[in-house]
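Heads up, there are several structures right after this.
Both complexes below contain chain A, partnered by chain B and then by chain C.
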Partner chain A sequence: MGFGTYVTARVMWAAVVSFIIVTITFLLLAAAPNPDVQRAATQAALQGGDPAAAAERARELRGLNEPLHVRYLDYLRSVYTLDWGWADSRSQPVTTALAEGLYYTAQYSVPWTILTILLGPLVGVYSAANMYSWKDHLATGFAFFGYAIPNFFFGIILLLIFGVWLDVIPVVYDTSVPVFSVANAVQLSIPVFVLVTGSIGAVMRVSRNESAEFQHAAFMKTAKAKGVSPLRAYAYHVMRPTLVPLSTTIVGQLLALFLGSSLLVEKVFGIPGLGRVTYNALIAQDTNLVLGATLAFTFIAVFGNLIEDLVFTVLDPRISYDDR
Partner chain B sequence: MGTQRSDRFDEVEWDEISRSRWFEPSRNTLGVVLCTLPIAVLGFYDWQVLGERTATFAFVGTEWDLGGIDYLFGFTLVLFAFYLVAPLYQNPRMTRYYWRQFKRNRPAVVSLGWLGVVFVGGLFGPLVMSAPEQSVLTGYQPPVFLSIDAAYVDAQTCVGDVVSGRCQGTWQHPLGTTQGGKDVLASIIYGMTISMQIAFITTTIVAAIGVSVGTVSAYAGGWVDETLMRLVDVVLSFPTLLMFLLILYIYGAGLGMFILIFSLFAWGGTARYVRSKSLSVSEAEYVMAGRLSGANTTQVVRRHVVPNTASSIITQLTLLVPGFLLAEAQLAFLGLGDSEVPSWGQLISAGQSDLSFAPWIVLAPGFVLFLTILAFNFLGDALLDALNPEAEAETE
Partner chain C sequence: MSRQPTIGSKTDGRVSRRRWLSALGVTGLSALAGCSGEEGDEGDTDGGGGDGGDTDLIIGEFPRFGVDDLYGETVARTLARKAFEQSDHDYGFDGDDMVTPDGNQVELDIYHSAGQETSQLMAEYIGQELEKNLGIVVSVEAIDGTRFNNEYWTAEPAGGTDTVNGEEIEWTRPTPQNPGPQSVASNEAWDMSVVFGLNTYPLNPLTNEAFFDGATAAYNPVGYYPEFDATGLFETARQATSRDGLREAFVEIFENLAREQPYIMLVLGDDLVGYNPELNGPSENFSNGWDFPAWHVGDPTVSGSYDTVSAAGFSTLNPLYNTEAGAGTAVGRVLDQGYTFDDDQEYFPLLYDMSTENGEVWTFDLRENLTFSDPYGRVTAADFVYLVQAVHQSDWANTAAALSWEGVEVERTGEFSFQATLETPALLWPQSYDPLLYPIPRALLEPYVESEDVEGLQQDEELLELQFSGNLGAFTLDEWNRGAGTTYTRNDEYYLRDIDEGPDRFADGPFFEEASISVVEEQASRLGALETGEADAAGIPPEQFQSYEENEDVTVREIPTPYNRILSVNQRANGWQTGPGNPFQITAFRQALAAAIGKKDLIQGIYRGLADAHFTWQPRWSTFYPGEE
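Up next is the complex of A and B:
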């Protein structure tokens, strides 16, 4: 199997996975009573109307009395054409609401991702080069700390210190400041720090342990014997093979944190991003928006896994496509 | 020995050293069955005979009630006792060897001690301590040796002394109380039970599914292997937290549902690992030797494949647990957890608004959670070194 065929097969598999997950969401929704219908019935009962008739009307309005396969095809069509409906709680289309959330999420996600990808392997390789020195122990301690401390708890403490006691950052994220301004950088620094601490630990550990293997390899000896500077030797001969197993860890860590902790971090710091949109939709019982947010995160996860596999094969030419 | 009565060394009496009949339980399995029976009987009695609102142990006069999760927890404890602790006791030589390896890693020994505290506290704490109760009069009591501005607590309701306008902490509430007057220490100890239940039940489910799928996949091969591994792909790229939120939104979900959903989507890595390990073990020479002496597939899987993957499975499961604990705490913090369950996350969430003047409500459970997650990570790391001498040989 050539590279092109492999990529095609992998992309198609990602499409299949997204399809399976979309189907599961449909089944979950179809098996449950629709909260909108129940709300219509309750409202009718409160106003002295007939709840059964109101429920029937609401069902008809939403096309719920069509046969299951028609609804399923309709659902698939609207999911894949991004026709995700109307978010009642925000009085705007679901896609617009999600795009607005993404705008704020991106503001902290981009620096967070860049910092993790840049700093993690660097510190890891540095600590492998100085193994068992106090610097290595410090880095290892930090890695374990960042890995183990719950992000939201760390966020709360830092917010208490920097937001309440020192008053350096606003307690609730200020949306009025421009994106590229010092004020915005300052108020995002703490959330970014929290997230970087959470994701960098695993990256540091993996790059340290992996590069420890390479730094005594024969090709490093050859490079040193030929007078290659240590910086160049580490950059070309240790970093590159380390990046192969590391790519999996990096994408995995970033995705896990993005899907889980972004919600928490946004709640703690009051950032109106994607996670916050999801949370508010859950509280406001806005089915369309909850579903839309779930699908958005799902597609991001599937896409992230796809990128991870592709990067893996590009970085390591030895991987045979048949094995995967 | 299987070869004792044989004239030739290469003829093994398989019936003697390995159970060849379909069900002929070992001593440990017998123990599991014997201990599970009373649990099952009690559960059945609780479910069928007692009313919904009657406490399980009402017949001995206590208010102690058991739920479905408690029965599952009991069952997993029995499993761990007979399949993890008992084998360690039965093979003292290997146990001593593991312990010597393990002891070299000092943080891991401390971690094991801490997890022991959490385990014992979670198991026996609720038996000896009464559940934390609301008492509005004694809200915001500071921890012992600390004080709080008396403006937050009425001078009359301060349990300790009021010294120069500050309410002093007392031993009555060693870690202080929440706004509603719940004792923080008691809440933390009750939270230990929840954390231990999550840890034990999820690992059991994950191990059961992961090991079965992995070995079946490796030994069946062909389309079964292909299908199962594609299923693993789906499970691995499944955004569990979000799906749980969706299920929570549509149906509502308690702690039981949380444990079920999260363990049903966490076995992917274990299954993949067991499969690759089984494939490499089945190529090993001792397996070939066994096969030449007439062992069938079941015997090979039982005696060679599963024991050889066990050490790594234990390590992997140890590293999975902190993820579950964290997820539970996160959901509880968001106010989306099981509100009837007094977990650490609930406590953190309850104290968040009082953080600026009563930080102990957040800090105490937060640090306990942090230490527990840290301990599981250290333990997993140390087990990796202790149980897997090959990995150590590679790094040295």
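Up next is the complex of A and C:
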């Protein structure tokens, strides 16, 4: 199988996976009682009306009396045409709500991801090269500190120090400043720092241990014997094989971190991003928005896995297409 | 332990009950726990707790449980013994311990809101007090408020009948909060809870009929059966045609509630708000904020920005559908409602004045200088009448104010006046907030009314963004960022500048160029913003009162609230899991609990002095609070 065929097959597989997830979501939703219908029935009962009739009317209004397959097709059409409904908890369309959230999340998550991916392996390889020296211990200590301290707590402490005591960053996140401006960079510096310290630890440790394997490998001895500079030896010969197992860790972990840590950090710093949109939708039982967010994260995860598999084959030519 | 019925103790019981009766006077007759019980052959309990002391106990017309004479081990145990005399089961004291008929020490659980420090401290304090004064072992448990509401506090409405006060009563309209008689209970069993507090409605106490209008009241999760004629007294209050008649009825209700302790009333909390110290205007009054257009920083000149923070985002700013207080404030910056209440809790007309002869027919007189934004023109009586008749009273729109206008007949009487006729007279109608209307242009509503399009009305952009606000508010809305909050610009045309009533400063208000409400979910961040001056006002948690009181960058105001902190005791079938029967159903036992929990220590220790003792279902500053004896 050639590279082109492999990519095509992999992309199609991703589409199938997304389709299966979307279908399962539909079945779960169809099986669950609709809160709107229950609410209508309760209200009718409170006002002395007929709960059964009110429930029936509510079902009719929402098209729930249609046969399952009709609703399924309708649902599929809506999902893939991005007609995701109205978010009651925010009084705006679901897609707008998600886009707004993503807009603010991207502003800190892009620098966060880039810094983690750049700094993590660098520090790791550096640690491995100076293994058990004080530099290694310092880097390891830093990594473990960032990994161990809860993001939200670290965030509050830094906000207290830099926002309240030193007064160098604003406490209330200002959405009115332009994306590419000094003011925005300043107000995002602490959240990004907190997130990077939180995520860099794992990446750094994995790359340290992985690269430790390679620095005494035969190809390194050869490279050194041939007079390759230490920089090239580490940056090229050690880094590349290290990145293969790392890439699985990075994509998987960052996706998991995305929702989890970003919610807490968004809460502390008042950033109206995707984590808060999703969390508040759950709290407010805003079914449309919860579903929309679920689908969005599903698509991101499927897409992330796709990219990861493709990157694999580029990084390590030994990985064959045929087995997959 | 054993119980030995003896003639002597039985007689003692009678004597003490008669003394009570004479102390209570006529109104207290039906309220007295002891006199409604059958004279069975129950005896007193023996045991180390002793059997003396109870004959001197006098509970007045308006008892104040938990302070002075009505606080402590002796009075609590005396009342508990009274309760046990009326119980069908052999509860009693063994040494210091309260014991079940099986001889085990009574063990109860108490739930508090998970993650809320004050709630937890209060539960722990109650546990200590009940152990010390009544010998009850209390286990304190945390629970999420929503979960408590769904599984413990509410139940499937089942209805049924039961004998209450000697009368056969039927639950004809059961609700989740009062699903039926005491035999109808929630999914999960529970004994006691401090998870929820309730409103005491001091401006319009009639609203409290939702809690106490007989055993079948709409909201009665604990299954309380009044032993006084609550239904009759609320009816008297409803029919009253004078303030005095009204007060008389309410005072009687509140005296009875003080005696019966349907919920064990503990404290009424103050709201603590930190302000920019240079801000002139905030007052320690329930109506704080009513005169916001006169608030200013330093000299009364227009300058700067008034920035506040909110703990939660707004789900809608559509005035027709909003039910959240926070969003109400955000809308209020842009759009005034009909009226408000001033520092003396007196009616103050904003958009319209209201008057009545007998409480049945109310006349609304609009100001004549009100205009919507283009193209909607002047605000007239037709807009309000249309809003009420075609929207609030429709069967499709289901607005937030729909229930307020049920059964009210509205009629336009002039270009700037209309009148409303109520089904039953209500002297306190404005105080119920029911006749509070937002001005909405008729032309904006008409298309939705014609097609009965409720979703369209909810999602209308002009309503959501308040684009029609004209000169009807202090500011105009610049932007509503769903996650981040709202920003405003001063409205130079504000109608309030041209009115005769109110503070002179209204003529130049508001005194800020801009305003904003930022959504900051993290409390530490909100407080940080207050300290750095990024926010001009923010709520302060009681445990940080001291540090902010000493902070020069913040002025703290204690604003009284009508919201209470109560100990709810489950009088339904699944309450009192420790043994047979349910002593919570016995008034004297609830009195014992109320007497066992010291209010002074609670206020000083947990609320740092920032709360008032709560004896009956009204705050002390209410005009309907029973008078001092």
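Throughout what follows, the second predicted complex is superposed on the first by the 307 of 324 C-alpha atoms of A that agree within 3 Å, B and C clash if a C-alpha of one lies under 4 Å from a C-alpha of the other, contacts with A are read in each partner's own complex, and residues count from 1 in each chain.
Rule of thumb we're sticking to: contacts are C-beta pairs under 8 Å (C-beta built on N, C-alpha and C of every residue); 3 or more make two chains touch, one makes a residue touch a chain.
Just so you know, these numbers come straight off a predicted model, no measurement behind them.
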{"item": "Clash or fit (per the criteria above) of chain B with chain C on chain A", "value": "clash"}
{"item": "Which of chain B and chain C A:172 touches, first, second, both or neither", "value": "second"}
{"item": "Which of chain B and chain C A:160 touches, first, second, both or neither", "value": "both"}
{"item": "Which superposed partner A:114 touches (first chain B, second chain C, both, neither)", "value": "neither"}
{"item": "Which superposed partner A:17 touches (first chain B, second chain C, both, neither)", "value": "first"}
{"item": "Chain B versus chain C as contact partner of A:30, first or second or both or neither", "value": "neither"}
{"item": "First (chain B), second (chain C), both or neither touched by A:267", "value": "both"}
{"item": "Which superposed partner A:101 touches (first chain B, second chain C, both, neither)", "value": "second"}
{"item": "Part of chain C, among the options 22-30, 40-48 or 112-120, whose backbone runs into chain B after overlay", "value": "112-120"}
{"item": "Common interface positions of chain A, toward chain B and toward chain C", "value": "156, 160, 164, 267"}
{"item": "Chain B to chain A touching residues, read off their complex", "value": "230, 233-234, 236-239, 241-243, 245-251, 322, 326-327, 329-330, 333-334, 336, 348, 352, 355-356, 359, 362-363, 366, 369-370, 373-374, 377-378, 394-395"}
{"item": "Residues of chain A touching chain B in the complex", "value": "13, 17, 20-21, 24-25, 28-29, 32, 144-145, 147-150, 152-153, 156-157, 160, 164, 209, 212-213, 259-261, 263-264, 267, 278-279, 282, 285, 287, 290-291, 293-294, 297-298, 301-302, 305"}
{"item": "Touching residues on chain C, where the partner in the complex is chain A", "value": "157, 173, 175-176, 307, 309, 312-313, 315-318, 455, 458-459, 464, 481-484, 487, 518-522, 524-525, 528-529, 531-532, 534-535"}
{"item": "Chain A residues touching chain C - in the complex, by the definition given at the top", "value": "42, 45-46, 48, 86, 88-92, 97, 100-101, 104, 156, 159-160, 163-164, 167, 170-173, 175-176, 267-270, 272-273, 276-277, 280, 284"}
